[in-house]
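I'd like to ask you about the structure that follows.
Just so it is clear, A, B and C label the chains in written order, and each chain counts residues from 1 on its own.
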């Protein structure tokens, strides 16, 4: 499909007897702000795990930037430009914030950076964590942890950034804070897939939204279309 | 040097041995299979149970099975204490990968060396009415010292299966391995459930140890023979499947028996290790696993 | 690279000091005991590359050590190869062993690797016991080559072990400070996150397992000439398993310094103790110390020092 940065074709993923994803097909255009929503247990994180390569053993095809990445391991996909942040932050606890960013700068980079320390410092500054660059993650607040997740993902120089519930549990002001960062990143050319439960953020941010329920895609369209969609309403609220 | 008699004997002893192996692996099937705690000290607890049976048998001629049963509550408490220490020191801090594992290894080591210090390295065995007798069945000799542990082993497997599927705590234990959050929402404390599960797992070692010393004499380092076997059975049977443990135990028992009959007894450990590696490489979920 | 050159110079100085110590011809027992302690420096350092840097626990140290020793025995019996060849061969065989076990189990959870290594020692010991060519369960006598440097073979082995210890420590330090070491630290801290940040975790784990195996084999290769009578129970001794864990745990697992401190402290203590208490009691105490450190001071002495300094 022309203009599609990411194409997901017919993904089926089973865990023993349980089918988590039952033939999901969607595409994300380059530069787009794409939303993925659905009730708990609908398969959003499973889908993201399949796309990022954290999960293997699924049926279907994934095409990124024109190349078939279906069988690539996760670290190769990251190098190609698919980067995800984790729902529950997973910082490298024995390292400082700066060193946390050094890892993707060193390993995920498509070109060697000339001054990794400066790059790391710049990213941390841009996201508001510059002052804590030489501290370890142990002392960070909730929102700072989330920002670190995003900063680390940025250090991997993503073409496609998958933000997995980066705003869960944050206050209204904190949500705006993260949202502003994501908008800025998108302006710099990064395609963003946002998985969120906070509807206000999803509606404001996303240009297009896909809705997952029980492992299947039940709706796809603009925020306005999704809000008016009966199937979506049923999935979230029941009959 | 092949004969049908030899084959039949190999199969029968394998089946009987398998029942025993299942009994010995029940504790690990629960602790590692369901709770996913790599308690590599489990074989040492089994050997501890064997020595307990030995002491009472040697001093007061108590039947080892009785000792095994009598000490079950003691082992339960021991298991609960061990889990609490493990939880406070490692699980709570998220450190169980490296340090928790080393902890259990240290425990295995301390238990083995303590037994060595107390009892020395001579082989210890029990004397009962049935350790020397056997019956004939269609040309195959069945020794009671194999038959009794096998029967009790199967009974233990059944008992544990019923416990896990029919009782509240049993079902809670199954649930804790799948969804701790849901348990909490129901007002059940997952830590308490895991303590109970670990306690039951170690309690099983008491009776398993008694069965062990019925089958063969023990020395402190006998625990090393069973590390490979226990984990091979748990992986092959499928993590968390009690029925799978029995099936895998029988498969291992028969495989070892064949190996011992036709190639010599020193290769039996290689069998369990081989099965473990093959299971891990080909189907880590096991025969009946999730 | 600039930081490695001073380290290499220090290493060479240490080797020179070792040789100097030998020419002084102090109490011969020193060389026997010193050999064992230095051997443990290699073992603890090797273990730590996989255990401390990557976070994957190897319980089968005796297997790798003994394979180094028995590769030597095999080569001594068949070709009378010189010591450097024995050392390289022993290292290579154990490296392959590490690679093999790693390849089979490292794609699964770390605990399966550990369980496999635990079972490995026992199985390999059984197999060696059945191999008559290298002595089987009865063991084999090995005759030391004649005309060793310094006139005394044990003193010569002492200098060899000093060199091997330096090689091991320099290697560990080099890895620790390189991009490989940083990748290993990331995968130790959080393997899933590391993989998603571009770290090729499987490849790094296999690398660590292979290097660790290599160094353990290297430590075991001179063993036949040291003991002159090789039998499976001493080559596969559980001592190696528990010390390989205890020494880095006591010293501290995150840096190359920890295993060295642990090996020197615990090794010396054990050498002193063997003359006063039984070997079982010795093992018992090591076990207690191990568990105590793991529960109470998981970051070892280095960690305690760090905390005292207030970092």
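In this section, a contact is a pair of C-beta atoms (placed from the backbone, for glycine too) under 8 Å apart; a residue touches a chain by one contact, two chains touch by 3 or more.
Given the structure is predicted, the values throughout are model-derived calculations rather than measurements.
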Pieces of the assembly without chain B, by contact: one piece
Longest centre-to-centre distance from chain B, chain (CA-based): A
Geometric centre distance via CA averages, chain B-chain A, whole Å: 45
Chain centre separation (chain B, chain C; CA means) in Å: 32
Residue list for chain C, restricted to those that touch at least two other chains: none
Complex contacts: residues of chain A adjacent to chain C: 52-54, 73-75, 78-79, 83-84, 86, 90-95, 99, 102-104, 106-109, 152, 155-156
Of chain B, residues touching chain C in the complex: 38, 40, 85, 89, 95, 97-99, 101-103, 105-107, 109-110, 113-114, 116-117, 224-225, 227-228, 231-232, 235, 266-267, 269-270, 272-273, 276-277, 280-281, 284
Residue ranges of chain C in contact with chain A within the complex: 179, 182-183, 185-186, 188-190, 192-202, 254
Interfacial residue positions of chain C with respect to chain B in the complex: 51, 55, 57, 59, 104-105, 108, 110-112, 114-116, 118-120, 122-123, 126-127, 129-130, 238, 241-242, 245, 249, 253, 280-281, 283-284, 287-288, 290-291, 294-295, 298
